[in-house]
Structures are given as C-alpha cells and as structure tokens.
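Two complexes follow with chain A in common, the first pairing it with chain B and the second with chain C.
Take a look at the complex of A and B:
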C-alpha cells in the first residue's frame, strides 16, 4: 500500500519509484512517441523537449522559439528573463521537472550537463464553452453552467463574488491523476472549524485516479454507506455563489463540471434554486408541493399494498366498488402486482437515461402507453395501481437534486416489502428505521434533520417554507457562521404604522 | 468513572419539555380512562390534576437533589455519595430492574394492542424482534438521537388529537356532573391508578448530566409534566363526554375506540392508522427506558453500554415471550406499577430527605 500514498505534492507519482536521476526521467519520457526532443537553433544550441500533445504550438513558436532564435546563446537564468512567460522556473529538482513537464511545460537545457533546466509552462488545453444547465434547469434566472475546466469555473465564481474574502485553497488528489482540487469559502463568514474538517478529509483521500467530483463526494462525506446524499452536486455558478455567501463550503475539481456544496440539511435537497427566483409565497407553495410529491412518491404504492392486503376496512364503502372492479380479475397478490409495475417503471427510467435523447422519447411512448395499456388489458395489473405508480414516478421527477431522486427511487422498495409484511404498521416501522438513520446522520458534522432537530426556529424561515428576503436577516444557524448577520440595515419606519389614506 | 458527557452529546434545556411527555405518554393513554373511571367515575379528572401536581412536586425534588452536590450529579452519583459504593450499587440495581420492567410493560402492552386491533394471529417473536432491532438502532445513536425521536414522535402523532372532533360532535358534557360525587378516598385511589401513566419523569435523574444549561431546564420539565397532564385531561374529558361513565367502565381502550368513529370521505376505520402511528409515541418510551437502564448500569458497574444494551434487549425479548397471556400480563402490570408507585412516592422523597440530612451534617453548602 505504501506505493499509493500520493497525498502531498512532494510525493508526486509515488505510485512508481521516483526517477533516480535526470537520465532515468529522460529515458521514461522518451518512451512515449509524443515526447519531442530537438536541438535549437542548431546542433550546438539548446535542447528543447516537451510533450507535443500537451503544449500549445502557437505559443511555443511565437514566444519561445522566436525569442531563442534571435538571440545568442545565454545561460538559462538569463534566458528565463528574456522569455515573457509567467511561472517559468530554472531547477534541477527531478520531481518538479517531472511534474511541470507532465503539466505541459517546455523543458530547455543547455549543453552543460549540470542537470538544471528551464521550464516554461505553455499549456494547450481543450475547453468547452459554458452552456445551459441541464440537470438543474430553471426557467428564470441565469443560464450558465460549470464546465470541465477549473479555471473557467473559478472565473465564473469570482465574477459573481468580487471580494478578497473569497478564498480558494488548492489540493492535488489522486496518486496517479494528481487532479487539481479547490476548496472555496468566504473567509470571515464560514466556520473555520468546518473548513479544517473538509481540508483534513481531502488530505486523507487516498485513491489512484480521481476523475469526477462525485468520487471526492463519496470519499469525504460523513457516512459513506448512507443512501442519503450529504453533499449537494451543483452545476450552477449562481447556486454556488449564493450558498458560499451563506457560509457553506464549495469544492471544485479540475475536469468536473460540478461543484460540491456542504454542509446541507435534508431540506436543502428538496429546494430548487428557482424557489429563490420567484416571489416568496409562490416559492413556498411550490416547495411544499414538491415535499408532498416526495412523500406521495415514497408511500403511494406501498400504501396500496398495505391497504389491499390487510386493511381493506379502511377504504370507504363508496370507493370499494371501484377497487373491486379494477382488481377483481387480477390473479396476483397486490405485492407482486406492485413489484412488477414498479420494476417496469424503473426499467423504463434506466433505459431512458442510458439512451440518447432522441431515442429516449420513443422509449417513453413504448413503455408508458403501450406496455401500460397492454398490462392492464391483459389483466396483469390493476388500473388503480397503474395510476398510482405512474403518479409516483411523475412526483419523483419533481425533486430538483439528482442524487436524492435516486435515493427516493430505491427507498420505495423496502417500504413495499414492509407493507407486505405488516401492512400499515410495517410502513410505520420502516419509516422509524429511516428516521433512526436520519437522526444519526450528519453533513460535515452538522445535523441532517436541522432545523427540526435540533430545533432552530430561525432556520425555519428558509426550510419547508421560504419567507421573503427581508425576513432572512441572519445566515442559517446550523452553519455556525462567524458572521451571522445578513441584513445590517434596520427596518426603516415600520409600515404597519401607516394609517389609511396617509 | 466519567460523569460529564462530551460537549457534543448534550441537548439544550428546551428539549426536556419533550423528554417528559416522551416517556410519560405511551400506550397508557389509549386505555387509562376505564381504570380511573372505575375508581372515581366522572370525578377522575380531579385525580389526573392531583397526580399531575404531585408529580410536579417530585420533579422539583429531583432538581433540588441534583443541584445540591458540588458537581453535576446523577442518580448513580447520588447513591454512591449517600450510601457508599456497595449499598449504593444495590439501590442502583433496583432502579435498573425498575427501568427494565416498565419498558417490558410498555412493549408488551403495545404488542397486545397490535394483536387485538390489527393482527390477531401475528407471530409475536418476529414482530418483537423487529421492534427491538429498531430500538437498538435508535439507542446506539445515543441520547441525542433518542431526544430527537421524542420530539419527532410527538410531532408525528400530534395530528391525531384532531380526531377528537368526531366524538365531540356527539359530546354530552353534562356527563361530567355531578362534580365531587365521589369520596376523597375514591379520588385518591384513582390517583394511585393514575401513577403508572405519569411514570418516567424520574429518568431526569439519569439524563440530567446531558442537559446543556441544567439550571434553565427546570421550567421546561414542569411544563412537560403539565403538557402530559393536559393530554390525559383532554382524553379523559372527551371520553367521559362521549361515553356514559357506566359504559366507560366496559371500554378497555377508550381513546382507541374513539378513533373508530372518525369518518372521512377517503378513510374509514381510522384506528388502523392510529395504532400504527402510535408506534412513534411508544418508541420514545421504550428507547428512553432501555437507554436509562443501560446508562445506569454503565455508570454503576463500568461495563460498556453497547454490551449492556444487547443484554437488556434480550431480557426484554424473553420477558415478553414469557408474558403470553392476559393473566400474566395483568399480574406483571400490577406488580410493576406497585414498584413504580413506591419508588416515586416513597423512595424519592425519602432519598430527598436523607440527602438533605446528610448534607446538613456534613456542612455542605445547601
């Protein structure tokens, strides 16, 4: 295991023995065909080597080769002064040489074999244009999303929060990939202890290749086995900027078009950013509708199973004939019926996600209409259940955060089984199990069920409901911010004192 | 032996308000009306108030006892302080047994409700195991998690109070008269019967060190007991207004039976939902009881609480399987409520006096 401890920058490439000396390094590099080495401007001149695939050709021509060609031979130190490129370096440290060359620097040596060389960063990287957010799309509000380039993402955030308090701490994670990771927070607002926790956990990451921020998310969350996500993945710079100024911590990774945000409470997974873009009473209503939709989506099919299997007395007499006519011909017990139907929906969903968008809509039609109708007509499932399951699936799509919608998808199955086992009582037992899990869960050390427990009345103002901005005078208390006040101005002359016609 | 729990495990004083009813209100409220109405008829509401007041006095005594020492005390520390290690541990064991036995009553009675009202042929062993696993998953979370359960349990079950609307439509409040038709002795007898429903406040002696600003928690404890009293009072008055007192003497689960008459356009027979949801009212009782037993044992004998927890759960499992018919359950119920009665009304005041005398003699600051 000791090969795989690439935490610090200094044990770069510790997955292999670090090259012993310069020749060893050169031998390794030359083994790749995209590594170019040549003498310039003539046989007696500098030795220039670089990875063709990493270096920007145009820059190399204009800023390096052109300068060298027009000048007599000089020492590397002087040459460094002549070439106007930032962060160039003269060094003989093998580790630094290797890292910079692998990051796209041009290496220049003189004939003097003292091992030192001049490294000039000259990176060529492929970047995507910022585009419209897809998984967190909102009708109103800004339409830009993060891209894979960390620099672009940081730029998006810095533009939104032009303050020196916005601090970015850089890390390298992954013993092979050496991916650049940035922890973002607003100094003076954020709780320093939380930042320490996050940085400690990031420093403890031990894996070879970190490709996406979700890797990091899984490695630094409090409970790594929980189905409930504790950190939010967001692709919206406006979202990140807002929560940073609340006192949360953001984490971004080079190569990942998402940022991780924490700590969170369970409510934050059900609140869409759009709630803040609307007037508060509309925002509140839609948030409540969404919560109701989630509850419906979890409980509807299992309630059906519980009631039909055990507690048919609960159904009012007027409703009973409808159920009987719908279920009378079905040869299966309710649980089997429900599992078949839920399974079908899951299948459709999974298929629709994996397929390209154009084919995906066909799947919807084939699955939803054809299979659904056929299943009912064939007498496999009842109309009522089909309606319930379809509604539940629809309701689960209202969840704005992708990760928790997966949780809700899966959590329905234990409830189904519990309903089959003990009916309504089974549902309650299953909910109690989940409650016991949620009560124990923390997100970066702060309780998951806040503001309900521990009870913080102030935080209710932005939880199930969202009160107007003028009421949100303080930052959320569970973040234990250093500066808890958001609105400093006192209320100007209270409006209620105004009498009629004054 | 450490007495101070970690700072992060503490709860704020406010939550004592939820811990009180969390332990006191449980299965009892579903059927206590008949028991006290047998003794004092329509005047039993006076007994509910009298018991409530005495319990408040006892809570005050507990706070006095806990606050008297120079360090944060709990039951085990008080016992060790007053009686020395060995005799103290004997009393501690008594309390452990007492906590376990009230938990057994609660579990067993709730299982009976489920058997009678929902699943007559249910496999008790399996249902019991599932419930105990559930309890385990709460108790391993520690005191904070159990407090959260008390709070959320109360929130989830509180809408059930709206069901009172249906019996109140047919209420006859003249059933409450004539007032004071029963002798003082009868009312006191009802008070004694009422005790079992108030048991649980004495857990304060165990969880006191877990409260953040202990001095400020006393008022919340009193409010909590008053809240419990209000809930019992409400249930009793609704029941006596709906049933006639002679009829009430024959209804075993009066509150539960009242849920039956709820009639909504989309749900009938509400008691199925009510009995299921009531788990959230009973679970805090069970969890707190087991937690208190294991915590006291840990403090007294210095064994790991996790081990004790598993042992206690097994004891409860076997006890509940052993108590398989009504007669045994009733017997156990009577014995335990007697023990409970003497512990809170005799032992606690005596302990209070004894501590006062000892500290006077020692010349502690009072």
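Take a look at the complex of A and C:
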C-alpha cells in the first residue's frame, strides 16, 4: 500500500492540469485532427464541436443537427429542452466540459462567448458481441462470457440476479485512464466490513493507466508478493452470479472481459464451475481427481529426483530394473535431467501461448514428438522421466483457474532444488515452507486455507467435496455473511407424497 | 529487512555443505542376496549377488557375484567393494542366507550388523541353507530374474501355507526374547532348483541341527499362529489318503499354575474342507463326523509328537514361556526354564468339516 499511497490526491482527475480557461481548453482540443468544430446551421448559428472518433454520427445527425436546423436560434437552456437526449447539461465549468467532451459529448455554444456550453452525450462505442467462455469453458452450462463493455457485463449479471439488493458502487481508477470500476455485491447478504475493505483499497489505488482488472487485482490483493493468487479472475457471468449470492464480492472494470471475485479459499481455485453443473457425486469425484492431479504435478519430478538420487530403497523390486536400465545411459545426474526436461516443457508452453492458434498446434507436434523422442533416443533424458514430466504437465492443465496453474508451473522448481539438496527430507522442508506461507495468507482478510485451517467442519460441504444442493443449507462460514441461510424450508419429507406413484 | 535477507542468504551458504551422501541409482550396485559360510579358522566367506544394469531399451538386469573372506561381515563388505567399480549398498537386500555350519556356531555375530545398519529394512528374510549358502547364491534361476528375488518369492509363497512368518524383525525378537526361540526356513539346493526343505529349529541363536520337514510345517504353523490356508495329507488305510484343506484355524494357549506345577494346553480350532477322499464310496453319504474324529486323532498325535520333540531339545519355538509370562503374576523364569522339558503339554485339536464338496 505504501508505494501507491505516496502521491495520492483526493481528486482522481487532478493529474490532468485543469485548463486555465476556455481558450486554453479549445487550443488543446484543436490540436487533434479528429476534433471537429463548425458553425451550424449558418455562419451566425451555433458553434458545434466534438471528437469525430467518439461521437455517433447517426445520432448526431438525426437527434441534434436535425432539431437545430428546424428551429430558430434559441438560448442553450431552451435548446437543451428541445433535444431529446438524456443527461445533457449546460455548464461553464471547464473541468466538467473537458471530461464530458472526452467521454464523447457534443459541445454546442452560442456566439455569445460567455463560456457556457451545452453538452449532449452522443457516444459511439465499439462493442464486441458476447461470446463463449474460453479459459473457463464448460461442456454443460451457459455459454456466455463477459465482454469488454462494462454495461453489457452489468446487464448479464442483473439479468441473472433481478433484485434491488444487487448493488453496484462505481469508482474511477487510473489518473489518466479514468477507467470505470464497479464493485458488486448483494446487500443484506454480504459482510459490510468486507465491502468497506474492498472499497477502501480501491480508493487507495493510484496508478496512471488501468487497462485490465488484473492490474486492480494485483493492487488490492492482501499479499502482493505471494505466488498464490488470492482473488479469482472469472469470465463467466453465471459463476459471478453464483458467488455473489454466496456473499462474495465482485469487481468489474470497463474494458476488461473478466471480473474479480473475493474472498476465496485455496480450494476454490481448484473447483471448476462445472462441478456444480453435474450431479454431486460425480462433481466431488472430479474435484478430487483434480486435486490429486495438482499434487502429482507439483511432486512427481521432484520425487523422481529425490528417489533416484538418495532413496533407492523405496523403489519397488519390479520397478528397479526398468528404472536402472532407463537411467543407465544418461550422462547427467537426475537433477540436470529433470531441469532440462522441465525447462523444455516450459518453453513449449510459453511458445504455444504466444503463437497464434493455427501455428500453436504445430508446436505440440514439434515439442511432443520430435523433441521428446529425440531427447530420449539421444540419451539426454530417460523415458521414465519423460513420461513423468509429460504426465505432470497434463495434470497441471486440469486446473480450472488460469492464475493458479501458472503458480503450479513455477512452484515445481523450488521443490526440484530441495529434492536435489536433501532428498525426501528436502521435499518435506520445502512443503513446510509453502504450507506455512499458505497458513499466513489471507484473501480480503479471511483465512486462505479454510476450511482445513482453521478447521470449520460446516464448510467442507463445498470444498474438497461438493455435497448435493439440498445439503448446502448455509452460506460458507468464512464469508461471515449477514444472512447465513440459503434454504429456508425445513425438510423434504413432503416430496415423496407429492410424487406420483404408479 | 536487510538483516532478514542476510540471514536467509547466509543460511544458504552455510548449509550448502550439509548435504547427504548421494546414492544415484545407476552409480551403486544394489545387493539382492547375500550368503555367509563358515570357512574355518574363525573366518567367514561372504558371497553377494548384485544386479547390474544392462544399457538398452529393454529392462534387463544382469547379475554379478562377488565374494570375500574375513572375520566379520563388515570386513567382507569392504573387501567386496575392493573388486567393484561402484559401492555395493545393502538397502534393497531381500534375503540373507547362512550355511548350516555357520548357523551351528550361533548367528548373533553375523546378524548384528543388519540389526544396526539403518539402511537395511526390517522386512528381509533370513534363511539357513542345508549345505553351502554360496551354492544357492550362485544359482542361475530359471523363472525369476535373480536368486535374490527367487528366494524371496519362494519364502513368501510358502509362508502362506507351510512356513511361519519369519523375517529379520521376528528373528531378532525371538532370539533375544526370553521364553521363546526362533525358527528359520531351511533351504536346499536340489540339482538346478532351490527347495524349501523345512523349518530349522534354533536354541537362542544357534541352529540345533534339527528341522521340521516341509509337510509337517503346516502342523507347526497351525500350532503357532492363526491362518487361513494350507492343506495336509492324512494316511487313511493302506493306499488310501485323504487331503484336508484348512479354511480357518485358530490357536489359543492355556497355561496354568506356571510358577509351581505348570500345565499347558494348546487349543486349536480348525475349520476345514475335504478336497480329496480316497477309499470311500462316494455314492454313499460320507459320515463327516467319522472323518473329523479320525483326522483329529491323526493330526493331534503328530502335533503332540512335535511338541514333545521341542521339549526333548529344550527349545520353545511356540513361545510357551512367553505366553506363560504374560499370563502369570510374579512369573518365576528360572523355575519355568528348569521344568519346561518335563511339563505336560496337551494339544487339543478340534476339526470342523464345513464343506465336503459335491456328493449324490
């Protein structure tokens, strides 16, 4: 916080030197080629000026120019009444004029140079159609994802939660970008203290240009140096709507097709939204498989190094010949072998992300077949390790949240080094370090390892396992909600009577 | 902050030398089986089989045999290392074999190093070889890769039916415990095969030269532990044999008046089924009770003979002394040891045939 607090000022717009007077402002605006100024309807008429790039041409002609042309000259106040556009304004405040013009308003002046002008919002903005979610794709369930436009995103959420309790508090962040930011929560459910925390942290943001919600995420998170993300980045409106009704807080930014969700526990980073879309026992099994895959992904190569380097005793008898003969021809010690292979996989991943999709598939072929096979045949790496590393990479792709999958990618390397230094003992030491870090970590002030630590038995219903909806009677305890009850009806005993019995 | 950083970095620098000894898999020779023989003049000969990796795509393991003669086991290990390109390590040792002559001299000195070495696991088998241990170690097994695995799997397989549960841990408990004596599998090289000959009997750590034959091993196992497998052949009449199959057997020891006039009763309850019946007309209903009574009589007699044999040699592989101690307040060990060879021990066998197969 300190770093950003340094030069904080109360008015977010204060960076932009307020123009001294109207002429100064006009001079600045006219420096741009897309700023148009002309007299209308004739030389004696109004002065109309606007940014061509920001204003909707059709609206301008149909609703503004047409009205002006058909009427005699009037005062700005009268004109404002004649033009049927909302939120238009007559003002002489230079700061407001500047802000509104920059936001796509048409500025209309009379010949009387008294400095007051009529500002009519007439924004033309480029919007993308909502498309299907890409990073959080699910086979079942809704196929809508957030887009860059904040209005569209809010619309998606309000459609899902049609209640006045859904409140959206607006902020402007970024001293230059002046980006619109909205904090969303369900009043009466959410813990007000958490909302205050979030809003205070957002108010503390001081940076020039905020273009994406991940900037905000990094600035308001509890521990900014932790590799473990504490806020979830989601692109699914259904996901956001669900967690809002649990009592979490959502943050959306204009221009960013993602929403931030908090507070979270570490388990929520490994639970896909798809877990809720299928029956609870299947959902639970797949969630457990995913958790196992994460553990496997973190530990497999370091366990290999530890066992091969120090603990030949633990290798089962039947596996021993396979391991020895695959290791026999390798000129490197196990640690180098593992680092070479892990490094290759990281290169492949990084290259596949950077390349366009059509070329990306080629990378898979080049990486998987050519490099893998060639490395084994050349005797650089053993095929057992190749298999382990490939499996580990595969396992890490099962993680549904992109941010934590990056964490898992990187966290393998300290484990590798520890395994080389002290074997299994080193792995234990390294795990202890990471566990103690996780114990200390909080997400918007609530413990990160909950419900494992602190042990809250009730919250297990939706953590490692997911129980059926009928068992989800209460909202998660760690959210400290004002209204903790989800299901008000007492029991389902009546159901059997209502059912038709043939 | 700077102090913290300094502390952390100095930790890395100072601790970087505190490494553990590396034993990279392909840079060691993993001993699989080791045999010790008496060569006279207080010397022993150690023979060890190590698996040697064969480079190549297939997982082939060759084997190499090294031997050395010295006074104690660690010295033989050292001498073996003098002949090998990599150190020989014992962490995956599966079986230790002793020649019977060495075993007759007492094994304490030659088991000791395996007891102390933290690298050696406790689930390794000890066995006596009738003859030279070296002969078994040098065998070229047919089915399984190396003699180590061969012997280990041989013992494990037979432990299900005819051998009692014997590993290093059990041996150490029995040979150092009071009122209990260890046993070991007795192996033998028969032409090109390794054969379990029986159960070798010990007084403390010394092989007394007697053994229970392989077939009778089933009876010994019934007497010493609860188990669920195995079968025994009973001679019925001339040329007629019946094979009863153990489904579940339970043994309980009742020892009374251990401090003055001890009496022991070993109660064995066995559920069995009949697998093979000769000399009976299967068209008539078989009188199961008659078979039960007959089997109880024959088996009981053999068991009694076996227990009496233990008393004759003053050994206690059934751990009766141990059981007596656990059931008696102020147990007088000297008295027990003095009277043990003469106390009445009764084996009370109940067989219940729970299944006799199909009959008309």
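Here is the rule we go by: the second predicted complex is superposed on the first by the 478 of 502 C-alpha atoms of A that agree within 3 Å, B and C clash if a C-alpha of one lies under 4 Å from a C-alpha of the other, contacts with A are read in each partner's own complex, and residues count from 1 in each chain.
Just so we're on the same page, a residue touches a chain if its C-beta (ideal position, glycine included) is under 8 Å from a C-beta of that chain, and two chains touch if they have at least 3 such contacts.
Given the structure is predicted, the values throughout are model-derived calculations rather than measurements.
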Contacts of A:370 with chain B and chain C, given as first, second, both or neither: neither
Which of chain B and chain C A:123 touches, first, second, both or neither: neither
First (chain B), second (chain C), both or neither touched by A:132: neither
Partner chain in contact with A:422 - chain B first, chain C second, else both or neither: both
Which superposed partner A:328 touches (first chain B, second chain C, both, neither): second
Contacts of A:295 with chain B and chain C, given as first, second, both or neither: neither
Touched partner set for A:313, first chain B, second chain C, both or neither: both
Common interface residues of chain A - those touching chain B in one complex and chain C in the other: 310, 313, 315, 317, 422-423, 425
Touching residues on chain C, where the partner in the complex is chain A: 16, 19-20, 22-26, 28, 30, 51, 53-56, 58-61, 89, 91-92, 94, 119, 121, 145, 149, 152
Chain A - residues contacting chain C, complex: 308-310, 312-313, 315, 317, 320-330, 333-334, 421-423, 425
Sites on chain B touched by chain A in the complex: 11-12, 14-15, 114, 118-119, 122, 127, 130-131, 134, 137-138, 141, 144-145, 147-149, 151-152, 155, 264-270, 272-273, 275-277, 279-280, 283
Parts of chain A lying in touch with chain B, wherever the complex brings them together: 310-311, 313-319, 422-425, 427-429, 432-433, 435-437, 439-440, 449, 452-455
